[in-house]
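In what comes next, chain A is part of two complexes: it sits with chain B in the first one and with chain C in the second one.
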Partner chain A sequence: MKQFNYLAPKSLPEALAFLAEHGDSAVVFNGGTDVVVRLRDNLIAPEYVIDIKKIPGLDTITFDEKTGLTIGACVTMNEIGANEFVQKYYPYLGKAALSVGSKQVRNRATCIGNIVNASPLADTGTPLLANDAVILAEGPEGKREIPIREFFIFVRKTALKKDEIVTAIRVPYHAGSEGVYTKISRRREVDLSTVCATVVRDGDDWRIAFGSVAPTPLRLVKTEELLRGKKLDGALIEQAAELAKTEVAPIDDVRASKEYRVTIVGLIVKRSLEALAK
Partner chain B sequence: MKYQVNFFVNEEPVELYVDANKTMLTVLREELDLTGAKEGCGAGECGACTVIMDGKPVNACLVLAPELDGKHITTVEGLADRKGNLSPLQEAFIKHAALQCGFCTPGFLMTATALLKENPHPTRDEIKAGISGNLCRCTGYKRIIEAIEDVAAHTEGGERK
Partner chain C sequence: MRTVGTTIDRVDGVKKVTGQAKYVDDIRMSRMLYAQVKRSPYAHAKILSIDTSEAEKLPGVKSVITGDYYKKRGGLYLEDKNFLAVGTAKYRGEAVAAVAAETLDIAKAAVELIKVEYEELPAVTNPVEGMKPDAPLIHPDLGTYKVAPIFHPVPGTNISHHYKLRKGDVDKGFAEADYVAEHTFYIPHVQHVPIEPHVAVAQYEADGKLTVWASCQSPFAVRQALATSFDIPLNKVRVISPYVGGGFGSKAGTTLEGIVIPLSMLNCGRPVKMTYTREEEFEDAYVRQGVYATLKTGVRKSDGKILAQKIEYVWDGGAYTEYGVNIVKAAGIACPGPYDIDNIWCDSYCVYTNHPVGGPYRGFGMCEIHFAIEQNLDMIAHEIGMSEVDIRRVNGLRAGGATATGQILEDCGYQDCLETVVKELEYDKPCEQVAPNLIRAKGIAGGWKSPSQPTDVASAAIIRMNEDGTFMLMTSGQDIGQGSDTVLTQIAAEVLDIDPSKITIRTGDTDHTPYEWQTVASRTTYCAGNAVKLAAEDAKNEILELAQIKFGCSKRDLELKDGYVVHKIHKDKKVPLSTFALGLTLPDASGIHGPLIGKGSFVVPNNVGYDQETGQSPKPVAFWTVGVNGAEVEVNTDTGEIRVLKMISCFDPGKVINPALYDAQVEGAMVQALGTALFEELMLKDGRILNRNFVDYKIPTADDMPELTVRVAEHEEPTGPYGARGIGEPVMVPGAPAIANAVANAIGCRFFRMPIRADDVLKALKEKKAQ
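Moving on, here comes the complex of A and B:
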């Protein structure tokens, strides 16, 4: 690990003022489960590491039916999994959060960190994408709300500017909506997703998001369009599963081949729709 | 530049000046001679460096040294009481021969100590899920699980009754 300066600002304005000046040579530090590994491997060599965990107000989850769920930047994966509102209204998001790393990692890792890292296989990416979550960022020009679909740009590239900090993620609430989260991985814990997905049913509307099948987590809009307003039956489910396979563009890597991933996408769509059709 | 950190290790107050680019694991092992926590992978996958920080198990290899300021850390060296009596879990690991080379053992002990505190009577499946962030490459997990089950059956949260 190369030398760097560590700062732990005690307020958001203090952190933002520092980023405004040193944003180019600074990395924002949260749970550290990704950043420490990248520092250690010299994949990043910032001059400043800005720990945001001392900033008050970023460690809470709130919920009301109008605003939905608001997850503060420093809320950990285990806290999301244990949260009563998550369990009641977004159980599939809780399942996704608890599928990250190990218990030890989840005591430190945050959902916001997972999103800002913008890995194509971010486990909490698909439940948020399938709910049209909104990223709440703050920078020198004030607050900004970024729809998650515009947030992910490419592998590890987001719409966040160097002088901005994500303070929270807001997940809209849709009464009666239900979802299914699926993670396919080589082992059940402490593994990255080979493919991950969330399918949400909101009345007659379907929202389908996949991870690890494209450079960013992806919504399968054609498949959603095919299903919209229709009554699900076996034939339609088969048709949706086939269409879904054409909407993804996975690659071969150490975890699986392209062909395997495409096949799995069809299977996940089929199983998720069957589970939600009941 | 050095950073002043004041924290507690095994209930003892510590004041140190640390480098930012060191991890908690390095500080524990090299500055405080607490070599129970081990570095296996250095990436949060093996759990050999597990310590309890403010009541929760974490990978010491993924915590930066300056973050220690204000924290309460328990390492494997802090499980025995002041007279040197081992904790029920440590005794159970010996009784069940739940170790072979011993490299992963401190990590397993810390994870299981935290598990039993949170869930004093876990099922076998809960134990398996609870320790899944710790890897053992020689004993196999069966005896480790049996040792934890034994303590769960005979204690309340890993403490002597």
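Moving on, here comes the complex of A and C:
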């Protein structure tokens, strides 16, 4: 780990000013569970580390039916898992948050960090993607709202500009919608996803998001299209599961083979649809 | 008995749970320097040049060394190893240069400034390929290396040891058999992953004294290796091993000591420290060797009796096999498992590869070969229409049976263990479909292990009485978490008939604690335990010699009782032990004898070598520890996930000294075995480790713990202290094959390789469906 300057701005404008000045050589530091690992491994060597945790107002979760759920940038995974609105309206998001790392890691790790890190297998990526969440960012030119589907660009690449800071994520509320989160991993605790997914049913509308099967978390639009407005039965579920397998492009890696991941995609679609059909 | 056979709290427990136990990394000394290492990025490469000039210029850098600084080879059984690569780098991650600097950060920065030019050489990444005559040679000078006489390198090849066992007449056995099958298994490398990584501090002082603080299992073996490597007399080398945070074999030999020592010699008086990162632990500490195991078995179908077995073990020894050759030998001696077979032919080969260095790992080859042996048995049973239990009843060793080396066992608890596990596991109940995608099934496996040590290795202990009748016990059997400090204390307390709290044990300082060959081979309770028992008996005898003067009677009428010497008949006549602490004061105020010290020296009785051509010997090992594991698994046929629901162990440990420690050892072993069966593998590609961290090298968590049951079938070991045998490693041996057999029983697919991952299960199910 190379030496760096640690800055802890007390306000968002102060943070943005730092970032405007040092954007190329700075990294925003939130929970640190990704940044510290990357610092230690010399994958990044910033001159400035800008800690946003001292900025007031970024650590709250709010909910109303009109706006939906708003998760502040510094809200931890454990806080999301324990939040009453999350448990009531987005239980699968809570489940995803609590599937990250260990309890100790979740006391530090944030959902916003998980999204900004833009790993293809981000555990909280799929519940947000399946809800068309909106990333709230702020930069020198003011506030900007980025739909999550436009936010993920590639492995560790997002639409966020160097001088912008994500302040929150907004998850729209759809009355009566239900969802299922699934994580398949080599070990049940403290492991990365081999495949993760969220399937949300919103009336006759279906939204299906998968992680770890492509360079970014992915919506299975053709499968969603196939299901839209139709009555679910065994044949349709099988058809959807088969179609889903064609929409993903996983790779072989140390965690699993491509073939395994594809099989699991079909299985998760099938199981999720069966669970939501009831 | 007073304390043997009873659970007492660990004597090191309070210090460990309060965090007050000091480990090597806790050592901070004034003017300490920090070492870091430059590692080879190639599996096999000629080192053309090393330019250290830029590193040397960096402020705060004190010394930079390369293999040229110290070219002498060393090694425990085969002197094939340099601490820093000389001429060629033989595995990816091998140390080629080292730096000592004022701070860790400076040392790391300096390493980056070292420039090494390599010429990449063709690499050997598979031992079977490596045995072929046209394979690239990793040690072209093998024929000139110094080697212990029981090992047989084949010069001009990559074979660093060929162990042969020839018992009976296998051709005749196969001819008589009416069923013959051959199966090959592959067991990949795994790593020990001790919580505490390897760490050492060395300080060389002006008077020529070298002190090394190392997290090591075997301070005397380390002292010997370092003294030989650096040409220092033994009285000038002091190795101190304080608390050790787990070893599992990986800290049995020398690793980074050889790097910090030359750096400390160049900086006279200044201590030099190096602590491995987890990544270094994976790439440059020992790993468990991979092995290809082929078993050809001839069976009499009518009763399942095995008439002949031809066995080949081809071990992936890695770049240096100075320690690994002995694992290959141990596997050869134990080659058929705990089964009584008249005709056996075994070749066990240690093969150099351009892989991380293989070394001792809990089980010393046994976990690996039993993954093959025990699955092979189940397969044969199924193929000849016999139960998995019956084939073990027929072939399993019993009293009067013969081992592979022709040793006749006077006693053997294998059959008792088998019956206990079968009963406890309710093995006769069939597998169960608990949901459309969930199948539960059971599996069993046996196993055995002996201490894989030279026949004449020695142990010593000293016990001193303090002025108040308490004792200081000194040995160099190291407590590496297994609980030996507690067990050895109990053995001494039993002899002296005092509460164990009256004894303080001290270990691991070659200047002060007496000789112990090594803390390996599941030998500490047995070997160090025997030495401690002898020392305590010596002290007891000294006490009684003095007491008979004091009492004015014969010592045979006296006994030690709860801190007193008591007259056996006139029980009111007693004096506290402290009376004799400094000798005895006579009525005329004169003293005799002086301070009371007991000493004990032990070497395994009647242990003899084996014939080098046939491997035959009436008693090549101290004892055999045998046992059986059972496992119940649940396989998810949708995801391929395996959950181990239950594991049961029944072993013959001789006499259990401390039941709670016994249970803990066995439970830990079963979970470690579970890890290797389902998760663990050092994934190697072209010599590179793809998963050298806990992100992708998975070991079990609390969530993976099955319900664990521990049973014993105690058949006391006549030569053991209070009848005890070693158990630390043997109890891990049957775990993985028991799980593999359960999985095979669940889904009808056999796995010839571990770990068995969800991915493998789905693939196998798919193939089965296609057939």
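Here, the second predicted complex is superposed on the first by the 278 of 278 C-alpha atoms of A that agree within 3 Å, B and C clash if a C-alpha of one lies under 4 Å from a C-alpha of the other, contacts with A are read in each partner's own complex, and residues count from 1 in each chain.
In this text, contacts are C-beta pairs under 8 Å (C-beta built on N, C-alpha and C of every residue); 3 or more make two chains touch, one makes a residue touch a chain.
None of these values were measured; they are calculated from a predicted model.
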Chain B versus chain C as contact partner of A:Arg255, first or second or both or neither: second
Touching partner for A:Thr67 - first (chain B), second (chain C), both, neither: neither
Touching partner for A:Leu39 - first (chain B), second (chain C), both, neither: first
First (chain B), second (chain C), both or neither touched by A:Thr246: neither
Touched partner set for A:Glu189, first chain B, second chain C, both or neither: both
Contacts of A:Ile264 with chain B and chain C, given as first, second, both or neither: second
Partner chain(s) touched by A:Ser11 [first = chain B, second = chain C, both, neither]: neither
More chain A residues in contact - chain B or chain C: B
Common interface positions of chain A, toward chain B and toward chain C: 3, 188-190
Chain B - residues contacting chain A, complex: 1, 3, 19-23, 42-45, 47, 50, 53, 56-59, 61-64, 66-67, 111, 129-130, 132-134
Complex interface listing, chain A residues touching chain C: 3, 184, 186-192, 194, 254-257, 259-260, 263-264, 267, 271
Touching residues on chain A, where the partner in the complex is chain B: 1-6, 8, 29, 32-33, 36-37, 39-40, 49, 51, 53, 78, 101-105, 107-108, 188-190
Residue numbers on chain C that touch chain A, as the complex places them: 105, 638-641, 679, 683, 690-691, 695-696, 698, 700-704, 757-759, 762-763
